[in-house]
Amino acid sequence: MCGIFGVIGHKQAGQLTYLGLYALQHRGEESAGIVVFKGKDISSHKGMGLVSEVFDEKIINSFSGDIALGHVRYSTTGSSIEKNIQPFVVYFRKGYTAIAHNGNITNIAYLHSRIEKEGSIFQTTMDSEIIAHLIAREKGKDMEKNVIQAFSQLEGAYSVIMVMNNTLIGARDPYGFRPLCIGRLDGAYILSSETCALDLIGADYLREVEPGELVFITNRGINSFRAFVKSRRAFCIFEYIYFARPDSNVFGKSVYLIRKNLGEKLAKEASLNDCDFIMPIPDSGNYAALGFSQASGLKLELGIVRNHYIGRTFIQPMPWVRDFKVRIKLNPIRDLIKGKKVGIIEDSIVRGTTSKARVSTLRKMGAKEIHMRVSSPPIKYPCFFGIDFPQQNELIASSKNLDEIQKFIGLNSLYYLSKDGMLEATSLPKDNFCTACFDNNYPIKPKKFYKGILER
Amino acid sequence: MCGIFGVIGHKQAGQLTYLGLYALQHRGEESAGIVVFKGKDISSHKGMGLVSEVFDEKIINSFSGDIALGHVRYSTTGSSIEKNIQPFVVYFRKGYTAIAHNGNITNIAYLHSRIEKEGSIFQTTMDSEIIAHLIAREKGKDMEKNVIQAFSQLEGAYSVIMVMNNTLIGARDPYGFRPLCIGRLDGAYILSSETCALDLIGADYLREVEPGELVFITNRGINSFRAFVKSRRAFCIFEYIYFARPDSNVFGKSVYLIRKNLGEKLAKEASLNDCDFIMPIPDSGNYAALGFSQASGLKLELGIVRNHYIGRTFIQPMPWVRDFKVRIKLNPIRDLIKGKKVGIIEDSIVRGTTSKARVSTLRKMGAKEIHMRVSSPPIKYPCFFGIDFPQQNELIASSKNLDEIQKFIGLNSLYYLSKDGMLEATSLPKDNFCTACFDNNYPIKPKKFYKGILER
Amino acid sequence: MCGIFGVIGHKQAGQLTYLGLYALQHRGEESAGIVVFKGKDISSHKGMGLVSEVFDEKIINSFSGDIALGHVRYSTTGSSIEKNIQPFVVYFRKGYTAIAHNGNITNIAYLHSRIEKEGSIFQTTMDSEIIAHLIAREKGKDMEKNVIQAFSQLEGAYSVIMVMNNTLIGARDPYGFRPLCIGRLDGAYILSSETCALDLIGADYLREVEPGELVFITNRGINSFRAFVKSRRAFCIFEYIYFARPDSNVFGKSVYLIRKNLGEKLAKEASLNDCDFIMPIPDSGNYAALGFSQASGLKLELGIVRNHYIGRTFIQPMPWVRDFKVRIKLNPIRDLIKGKKVGIIEDSIVRGTTSKARVSTLRKMGAKEIHMRVSSPPIKYPCFFGIDFPQQNELIASSKNLDEIQKFIGLNSLYYLSKDGMLEATSLPKDNFCTACFDNNYPIKPKKFYKGILER
Amino acid sequence: MCGIFGVIGHKQAGQLTYLGLYALQHRGEESAGIVVFKGKDISSHKGMGLVSEVFDEKIINSFSGDIALGHVRYSTTGSSIEKNIQPFVVYFRKGYTAIAHNGNITNIAYLHSRIEKEGSIFQTTMDSEIIAHLIAREKGKDMEKNVIQAFSQLEGAYSVIMVMNNTLIGARDPYGFRPLCIGRLDGAYILSSETCALDLIGADYLREVEPGELVFITNRGINSFRAFVKSRRAFCIFEYIYFARPDSNVFGKSVYLIRKNLGEKLAKEASLNDCDFIMPIPDSGNYAALGFSQASGLKLELGIVRNHYIGRTFIQPMPWVRDFKVRIKLNPIRDLIKGKKVGIIEDSIVRGTTSKARVSTLRKMGAKEIHMRVSSPPIKYPCFFGIDFPQQNELIASSKNLDEIQKFIGLNSLYYLSKDGMLEATSLPKDNFCTACFDNNYPIKPKKFYKGILER
């Protein structure tokens, strides 16, 4: 999972990109990078860590140029090395290009071995390097045709922002797995993963980059191409459930309102009338809890307090403090919970271990009964399109049934939202979404050799 | 404002103190320090910054000893220098002592000049150094008497934790301005500003250190003294309104429940029945908004989203982005607010400038009407007992009346909770509180020379 | 200018490489990098700064593998960016390879544009990336043939160490511009720019890599190839005059002894019998001064003291202290110099400004006469083979004659060693050396388009 | 051992002090501090590490004020903590004062316990804090009398620079153990441990602060007092042998010329006529070797090369590289030494282990015979006046006789300069020096309780 952001036509393109990445920080906390173009000069700064750690005032002020491109990267596996920080910058016969990518190219092993055979060298294992190779190999004189030709060889999930020949390019795969939107600020154009980044810089939301669309933006305006074979839609439903920021619009809809809808559907499917009150696991469960409370009339409490000082630096384990990792983040209100029947609203359950620890803490604080309602179905299958779930055997719902999960976590009752309920909450056509992590129905079948190349 | 924490009788006293400071981080973000005692050996680590920045794994693991003392310090004025980081450690004829202080000694100028005349040297301007001088000057052989004698010369607000002669000492001024509580964990004793720090380490809450009480804790137990002239109570009401963590008990009561009560009282005094919904300024307004909604039946929304990545490093101004400072922290949900009559619940208004900027953002997002309800009375007077309000002329309510404030912020209506309503919400006797910042009624009259010494 | 070092067949290959780079630090102070191979796993660490800054104990201890390669890079121009830190690591169809290069490929512009046309992408402007591309393009199955084929396309000065397929490869251009030697330690083989790095790790000196030789070293031994068209020798004479460490053997000869010989020749060509004593500019002039004194019988003094604390961090100018930059490094002995006729021995004069400032300081300290003798001829022409002289118009001898230089520096007399004297001092055949910086006689004619690509 | 430096009457007093400390860096590498006074404002910056590490451009530029004081501190024992970094700054009834101290107060235990009994608190174990206490205790109105009265209670070795009431104060104990000189620059006055610091800033040398003299320098000039009981002189002879910089004048004489004299005396006492050449252990043996060569006519070589990149960061041991610690610093010229009879000139022998390792390296490089001449007598006794020798039992000459030392180091012959020869080389009266480390003749008898307080 990653966040991408680009600007063309603004004197402070680099500074805006810094702010854009700041707003998209939740999409990738591992590393960040910004590339700024001023005519033929490019300057680039990248580093491991949060946006606020990678860039300081001196660096931000040094950015000069009217085109800029930025990227934040999610911590995936152990292979997180400095080389892999995006945007990826190369030059070839047509000049400099910079590429920022969000998603997962599924035919990368095939592309890799084909290009290797032709005698190319690779410095990284990133999808962006493959995209650069494909573009460099196109011999035509028409940049737009070359880029389209390169992208038409890709299979999988991608939202890409590129800079080439003073043009800001946005591309989204035909399925539309990952979001990408267009904004406007004082004559400048913006491309961004989510609208919350437009809000922060005071830009207006224009529209989505459509699935299968390529936009070439220069100072003269937008040129749009729809060159790919048509395909079904496959928006990632997890963007609504958990991943995107609640104050963003994604796939054209307010994430906040859809999360509330998920809570309302959940209340209708499985109410909690015997509970003294319901409360969310903050902050991701807040909005479903609000919807649940409004639909059911059940009293809402914000009975678990989140510590705002949790940062990346605080990672040392304290094995001699029980439930330490859970308590350091969230602390319940003892006087509220003691002797009460408590309903908990959670957005999703992955491994189940965190929920188990939280429930144990609530029990120790004297909760009489604990019931959980989850605003999404059980996650059973891995994601090949950009969400970093753990291995399938670590997904609790892939090996345990409802009763077993309830028992494992230590609940008095447990209910997951139905798939239909979830899809209805979006008020978009049901077949517009990828729901593979719930139902094993992958829009693109991952190739067998896929894993091999990943491990490389 | 500061947070203090001490442990005696636990093998990992230093590590527990680290966690304690972590939980008390909201009481002081400027600097942090820990001192650990192992028999006659002491080790100390201090630094500017957050607890997670000052201490790393290596330092934490190096702490060895069964008594420890920690302090987090609030950023007050420009005089924030490394020398002033507490705990303050000195040695004198009775051995090493370490002092951590929360509050403000009001007769410090008198004490200073008296001790100076006797030929002493000073390295800092901290209250803790004066306390050390006073104790060193007592010639008696009975440590407890010496300490009591020293404290009896102090006037003002103080909660102090000290270590001396293998004894953990807690002291609270006779008015009880600042909180201080006692906890227990596996035979060890804990002293802490708030109970949230006890929760984090899994300790049990025992009781408050009473106003005017001195406790001397050794491995054999607690020795309590009440040696000071009796006095009225003057608990700081602002601990309940804003300062303490909602998951703490302070002055013996749940902060969360009192904040909800403040919201309920507010709903009764000034409802918002014409609004489409109410929403808090997060996170400090969350609990009053919850109480307001439950008391009034008005729909609650969590319509402003807080960015969790705001850290200390992100301080560079971006003058070319309007309302930047406000937007970077909090972003409203556009699709929720557009065309609506919105009620906002805020815990307090200090300068009014932040509220003004937030209201302006909501207007731009299309709010039709904006009404504000504040869960405390107008702040008009400075605090001399430890809260770091700005200069009196910067307090908006000290120079503007209700109408002027409403107009300045740009609201359709504004109402502050009454003083009586506020005090009733605590369900403690009304005369137990210091309310000087609201009504100019200072429990201790600050001396004229007070300011002089402060500027030193 | 750079320093390169490689090891194969030693359990602590990475640690030895660290020490090797430490000994070669004088060949490049800007950046350093080490790559360690353990079977198919590679680990790499690089950074800007001195070897002691880039690597710490933790990193050094983490190196695990029996093949390693290291590089230190000289500060050349403003284009010093992190990306350009060597060794350069890529993978292609034959696996991982790492390349460390010392020298200057002169037909790089041609090679670049040829490879670009074939659709390749570039991430750096380094010669090493071109070498990697050339090797990847060779389709044969025989690694040695492929590598030879790739190197045979290069023109210019290069000493290269590479790792590929568990083989440590050393290559030296047919002219032999830059040194490269082979060492042995406990069954392991070492490649190094200079022998001082062998001394530090206790390795035995085996022999030079010959001009035009390629060596492929595996655990089974050395395979040597001499595949290039034969060519004249062109050893860089400046390695003897200034660049190499005095305790190294370079091109098979002791640098210390040759520097003493240069001083002897100089004494014979232009003695200083009227001087009270001679003294070197330390430390580079020390050995010529010693030779000069022994040959002439003139008294030697070490009358200028070098400050050993000068490091990279101390770069802030102090415009209000006269001759600050010169004085901070070297301070003369006032009581020795006052009223004396002083002879100074210097290894070379580049811009002349430093000499001018030093002479001015000596005059202020009371020197009666100051005579200078230089142990190399006047430098008049730029180097295209790896030495980083300033622009030609900044070389004082390219625009001023002897009298003018003497006057500019403020000397009573000045003499440069003759070219013949210099060459005789080496006791190697005179036509074995490149002397282009003195006589404009370039062994390879630089192409016209050369500068264009450099500026890129 | 420490270096101290102060300026009064110069607009860039802080910047000059930075340069002064830079020149005095050899007197203390552990920590550095500068305090600048601008009327009543003081600013201070201190830190662990070299001067170039502690101060950066921003800090240096921020210094504003016309009086400044600086200190560099030597690494002594494990008790090196940040608190102990000098200058020591306190305020008391007469305002701010700052103290920088070089030496050792021998009656500190007595003073400590006396002041403790009077009820004072201590933050450090430094001599400077005691001096501050003594001054604060003086009740008179005349600053000069108070300071003199305070200093008259001290016993031991001290050169002190202080700032108080816009006055720069210099004090030197009646024995004159440590140097302190006065300089002049553009109307400003300078106090400095050595003259090399005057040279660096272009200041003129005025005179020594005399033993037993106190100077009070204001903008109106110098006021000198000689208030102490007269005493014998006891200049530290080790300043000449090893400690001071060769380009300094110390105790009124050129260190360089005295070191050469030591070599000349040594040549007369024990020549090396059978050797092929002599060479120094650089750099400390350079000047004695020069004098030895000139007096004896024996050929001088600079056959051991010092690595200039050795810094504080490079401290990790490499147990698997033999003689690593010695080789990383100094590498001999193999082609010079092989098969030769070598005479080595060393300034002193402390433990003997380093010499042993160096001799072993020379043997491995093929030296036929190795003879050593030392330009000082055997060190047998500890120093209580500021030189940080190891424990007495680690001094090789305190437990071994000449033959045993020669055998231990592995030499063909060994000779130490006689005490008379050493003293004659200074051309100052013999009884002006402390020679306790050679002959156990301590000018002040250390008290029994001395060690106790040190360990505290």
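Every chain is named by a letter (A, B, C and D) in the order it is written, and numbering of its residues begins at 1.
In this section, a residue touches a chain if its C-beta (ideal position, glycine included) is under 8 Å from a C-beta of that chain, and two chains touch if they have at least 3 such contacts.
Predicted model, so just to flag it, every value in this text is computed and none were measured.
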Shared chain contacts [chain A and chain C, defined touch]: none
Chain whose mean Cα position lies farthest from chain C: B
Separation of mean Cα positions, chain D and chain B [Å, integer]: 50
Centroid spacing, where centroids are CA-atom means, of chain B and chain C in whole angstrom: 62
Chain centre separation in whole Å, for chain B relative to chain A (CA means): 37
Contacting chain pairs - touch in the sense defined above: A-B, A-C, B-D, C-D
Residues of chain B touching chain A in the complex: 12, 15, 19, 22-23, 25-26, 50-53, 56-57, 60, 196, 199-202, 245-247, 249, 254, 256-257, 283, 286-287, 290, 293-294, 299-303, 305-309, 311, 313-314, 316, 318, 320-323, 327-328, 331-336
Chain C partner contacts - residues on chain A that touch it in the complex: 89-93, 113, 116-117, 119-123, 129, 132-133, 136-139
